[in-house]
Amino acid sequence: MHHLSRITFIVLALVLTMGICSAQAKDEIRVSGQPCLHGLPTWWAIEDGWTKDKNIDLTYTLFPSGAPQVEALAADQWDVGAMGTVPTMMAILRYGAKLIAISNDESETNDLWVRPDSPILKTKGFNPKYPEIYGKPEDWKGKKILVTTVSTVHYALDATLKALGLTEKDVEVVNIEQGQAVTAFASSQGDVVCLWAPFSYTAESKGWKKVSSGARSGAMIPGGVVVRKDFAEKHPDLVVEWLDLYMTALDRMRTDKAGSGVWLNKYFAGYCGLQLPESAIKSEFELRPIFSVEQQVKALTAPDEASAWMKGVADFFAGQGRITKADMADLEKSNFGIDASFMKKVQEKRAAKK
Amino acid sequence: MSTSNVKIAAKGISKSFTTENGTIQVLDNVSLEVKTNEFLVILGPGQCGKTILLNCLAGILPPDSGEVILNGKKVTEPGPDRGVVFQQYALFPWKTVRDNVAFGLAIRHMPVKERYEIAQKYIDLVGLTGFEKSYPHQLSGGMKQRVSIARSYANNPEVLLMDEPFSALDAQTRYSMEKELLSIWEQEKRTVVFITNNVEEAIYLGDRIVLMTKLPGTIKMEFPLTSPKPRNYTDASFLEMRLAISEETELAL
Amino acid sequence: MANAAAANLKEKIGAVFSFVIFLALWQVASMAVGSEALPSPADVVAKAQEMYTSQIGGKSMWMHIYYSLRRVVGAYLLAAVTGIPLGIAMGWNVKFRKIANPIFELLRPIPPIAWIPIAILWLGIGEGPKIFICYVGAFVIFVMNTYTGMRYTDHLLIDAARTFGATRRQQLFNVAIPASLPSIFAGVQNAMSMAWMCVLAAELVGAREGVGFIIIQGMDLNNSPMIIVGMITIGLIGLFLAVSLRYLEKLLCPWRRELQ
Amino acid sequence: MTNQQLSENYHRGKEVKVSVTDLTKKYDDLLVLNDISFNIYKGEFLCIVGPTGCGKTTFLNCLSRFIPTTRGDILVDGQPADPTHHDMAFVFQEVSTIPWLSVEDNIRFGLKVKRRPPDEVERRTEQMLELVGLKKFRSYFPRQLSASMEQRVVIARNFALNPDILLMDEPYGQLDLKLRYYLEDELIRIWQEIGCTVLFITHNIEEAVYLAQRVLVLGQKPATIKEEIIVDLPRPRNFADPAFVKIRDHVTDAIRWW
Amino acid sequence: MSTAHASALEAPATSRVKGYWKEYNSSVFSLLVFLLIWELVCRLGFISRFQLVPPSEVIVVMIEKFWTAPPDGATLFTHIAASMTLALVGFCAAVVVGVPLGLLMGWYKPVMVLVRPLFDAVRPIPPIAWIPLAILWLGIGIEAKAFIIWLAAFVPCVINSYIGIKLTNPVLIRVARIYGASNWETFIKIGVPSAVPMIFTGLKLSLNAAWTTLVAAELLAASEGLGYMIQMGRRLARPDIIIVGMLTIGFTGALMSYVLTKIESRIASSRRL
């Protein structure tokens, strides 16, 4: 009896503590991100105290890559976040998330690298439509290519091969995670390695040569900003408020590259544990086009922009057999989860302020 | 003999086991009576079911048919009124000698002080004074068996059941343990059922020897022993009895 | 006694000798294949000194070790607290065994690392899934060893207790459980090395602190001395955990001959 | 005849097979064997009795070169004893059948190690199976045999080599009485048939007196030879025979170890 | 008698089939209840279907996966075959190296004195910590993965062979020596055979370790295999694929240890050990 009452007491105390913790004065928005340029805005907002006079409270969770980030979405662990195109599409397809903004154009930072002695480097612009791609089809044939499959670089690789009139069957594709790909390529494994930033900067520093990228091969790879379905429905105002902050950061990045670079460096080195050279920080802003609120609204509504970009990625997946026809139909039906309403509200809000 | 004098009795006990290779009849209609303070030796070859018989007497195994009567009451379960000394000692390796000896008393929630006093008495009796705090693995085989005997004695059972207690000991220790057991028994008389396959041991210790056959185990013959203890291994009567018994046993090749 | 000491000394000399050979081979190999693929022992020592005095990913080496240890120890204790009673119940109660065993047998062969995606799906990111993975690894071993210990308890000891009139409860607590302790303790050791391996796996797959992160960081930065320092650190901690458990066992099971 | 005369008669004109001189064995500071000297004659059946732990087994180990001696020589046919050169066989106290070999393979084992020609291996194995009566069980494994059958396999394995010297270390210690009688008789029968030199170590005085032509009594630590007793009783011997009991009591008195 | 005693207590079997049913009916029942609860928990929405798929769907996907390659790029059989090949290559290499090493360590003191310290030093490092170095040294082919698995499987092989041969009955060693067998001959004829049961226990542990490490090994540079399947399930956000992958790993692993146990009992019964 004595024991029982003690246990009851402990349980009660725990429940009470939890109750107190969850009853907060401010509305909480749980934000997710990656050690990437598009993860910076929220962290910046928190560190720089942008929310002090606002009625929201941001918590930020860092994910090493898209897969766990989407898994955590399933576990209801975050409300809004920025991630790559592939996880964005998965979040939309599987969990009904909404695409509410384009964080940046990642087409140029999803790139393909070779060692300086590669025969691929001998020719350039074999297909006049894609003048920046190196190598003739014969040079590429049979090459061992290290790539993280089912990812944006895989999409860039696919587009590059298509531009050269090749398919995946003509080369040897090896699935490997990014970090391991760098190590493996450094120890003379494979002939081509497909990387995304910041891994590309390591490649650059090692003297490897860029032979193609999403941009060079005509594959548009937009970084997605998504919101959880429930959250979008229950707290549209909070989404708008956060998106406003996010766009503020993007605006600064567009206009004040040097000042933003300092923050990006802090974010990478101090928070993510990534030591990058100064040139890499600079490249981040140079290689990643960022859209203003107006551009965003246009991109999200125009039929040949965001929805076309997403369709390109979805087609690639369908072609690979990664998603089914039914999945494809679902995506098209929901217009790839694109929801411009939040961005429009941000636009209205800003217009009203002026 | 008068029935009132009977301490423990087996009445028509049969027991069989089922294995992969069929059913084995281990005991077939075994009956015996043990009088109060009698030292009864059950002698039989290896694998004759004598251990099973002892387990039935202890109540560890239920017989298929027949019953065990203790003090006129039917035995259904093991109980503190019957102490068992096992061939493999069955000491608790995680308890010291003293705690092993006091085990039965602890089970009955006797206060520690009292418990240890009784334990000490029997530790002294079996000559293990000074080893109270040793663990079983620190003892030799003979010492372990002494602990086991002390443990049974300390629980003050009415009947002591001993299952080939000395068969794992070397010859010299065995002789001295036999001698010692006799002297303990002389000091504190108990009804003892002692199982062995060693003819000399049986003749040396017993008031009466019950000879069992091979499987299925039945009682073949009884030999009353009247000569005074301790007996001498090279006595003519000893050798004669040994011959008589071994004539009756089968050669197990 | 003098002989034993001499043998001991011989063994120590042998150990030193074999390490010297090993280091020499290492040095030669690193010169042969280049320090990029295999840094020399000196490189590694220098790197270790640097790593232990500066910060990696915003935390000192000691903090990384602390994070990993915290995960392992937390999961391990949780696994012990749940696994041992389950093993005891399965070993002691036939009915419970028949109900629990099939489910346990269904889940047991799934390697803990395979649980990572599910762990993240259920528990999200952060400490939850990492502790869960370690927990799964250690739990299975605790249950198995306790269960085996209970099932192979010398029946003679139970019989002996019964002859003293021990109740079923007394048989369990005074005989079966203590008799299973050696087997449980074997599990205690194995569970710890399993948990230690699992925390690494969990940290390799996604963490921002911990010794697994150090290795991943070394790989991402393409810094092989860092990888090797990480590995050695992991090995030393693993060894430390194993030795402390062995010491604990000696303390708690004084009756066990093999340990002395 | 007095003991003295008996002894003199016994030793006269016998060919020495094994000679042990000043045998001493120390483990660190612990003296186990102290200056033991004696001879074993060709074809003799010699028993050594002594209390447990008196160094009997150490002595046998020295003889078979399992452990080095501290001092003293053991010569077989005038040369230092060495199992690789001399045909020795050893029956141990513990059951020593090899568990993964069948009965016949167990018997072949020694012959094969000695690199005997294959036809001889087969011939001897058949002979031995016959001699110990295990023909029917040739393909059985030790686990399937009773203790006595296992002991017979061990004896067959050793006799198969036609050994010069057979060393037996309490081989029947754990067997029951009737079986022991049987195996003792069998041992005598085989010994008489083959005629090798047997050194039999036992703690059982009755057994020693039953088997031996001569009994050596070892004293307590460190082991020394306390007495030599010639047993000149005719075979088969009878335990209850007063002459037998007399010798038995004599040996018992010589040892006095309980 | 003790064996008869124990088996009699364990299984009071009457007829065989009936006995089996009696033995296993509650187990079957408990599994069914487990699956039912799982199904209900998903169907009634206690757990979001993004987090756990009901067993009925898992079974459907599993059956489908027997012949369909999408979305993870290969059929279930291809994955199983790839993983098994990998595990067996690593396992066999570990056996070939580990067992003799353990035996030699147990028999020859100098080997033990030289090898033991290194072995003890390397042993506490979990195999998966070697992944980066494995890539660095052996690339991204089957070698690196097999190496990781080899490391995991190697340790129990060595330890059990070592203990096995150390436990050789000294009497048997003396039997061989008294017949004049050389040390090497005694090692081969007595030491090795008597270590066999322990070696087999080691093999089972070893196979288990190999299989446990498989998933970790396949996390690096694999294009098929059960670990890869799980990884794809993650990238494609398909919990059903993940669970099918997990269960297949479990089943296949259990099946492999079952086969090994059967082989062991076959060998043991032929030797009547």
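To keep things simple, chains are lettered A, B, C, D and E as they appear, and every chain counts its residues starting from 1.
Simple rule for what comes next: a contact is a pair of C-beta atoms (placed from the backbone, for glycine too) under 8 Å apart; a residue touches a chain by one contact, two chains touch by 3 or more.
Note that this is a predicted model, so its numbers are computed, not measured.
Engineer: If you count the C-beta pairs in contact for each pair of chains, which pair comes out on top?
Structural biologist: Contact tally peaks for the chain pair C-E.
Engineer: Relative to chain C, which chain has the most distant C-alpha mean position?
Structural biologist: D
Engineer: Quick one: report the Å distance separating chain B from chain D, using the average Cα coordinate of each chain.
Structural biologist: 35
Engineer: Distance between chain A and chain E based on Cα centroids, please, to the nearest Å.
Structural biologist: Spacing between the chain centres: roughly 39 Å.
Engineer: Report the inter-centroid distance (CA atoms only) between chain A and chain B in whole Å.
Structural biologist: 81
Engineer: Taking each chain's centre as its mean C-alpha position, how far apart are chain C and chain D in Å?
Structural biologist: Once rounded, the distance between the two centres reads 53 Å.
Engineer: Spell out, as numbers or ranges, the residues of chain A touching 2 or more other chains.
Structural biologist: Within chain A, residues 68, 71, 74-76, 180, 183, 186-187 contact more than one other chain.
Engineer: Chain D: which residues touch two or more other chains?
Structural biologist: none
Engineer: Which chain E residues touch at least two other chains?
Structural biologist: 5, 50-51, 131-132, 135-137, 219, 234, 239, in rising order.
Engineer: What residues of chain A sit close enough to touch chain E in their complex?
Structural biologist: Against chain E, the touching part of chain A is residues 66-68, 70-71, 74-76, 86-87, 90-91, 93-95, 146, 149-151, 173-177, 180, 183-184, 186-190, 320-324.
Engineer: Which of the residues in chain C end up touching chain E in this complex?
Structural biologist: So the residues of chain C in touch with chain E come to 10-11, 14-15, 17-19, 21-22, 37-38, 95, 98-103, 105-115, 117-118, 121-122, 155, 193, 196-197, 200-201, 204-205, 212, 215-216, 218-219, 224, 227-228, 230-232, 234-239, 242.
Engineer: Would you tell me which residues of chain D are touching chain E in their complex?
Structural biologist: Per the stated touch rule, the residues are 64-66, 83-85, 88-90, 92, 94-96, 98-100, 109-110, 113-114, 140-144, 161.
Engineer: Spell out the residues on chain E that touch chain C in their complex, using ranges where they run on.
Structural biologist: Result: residues 5-6, 26-28, 30-31, 34, 50-52, 110, 113-118, 121-122, 124-133, 135-137, 211-216, 219, 227, 230, 233-234, 239, 242-243, 245-247, 249-251, 253-254, 257 of chain E touch chain C.
Engineer: Show me the residue ranges of chain B that touch chain C in the complex, using the header's touch definition.
Structural biologist: 55, 58-60, 77-80, 82-84, 86, 88, 90, 92-95, 103-104, 106-108, 135-137, 155
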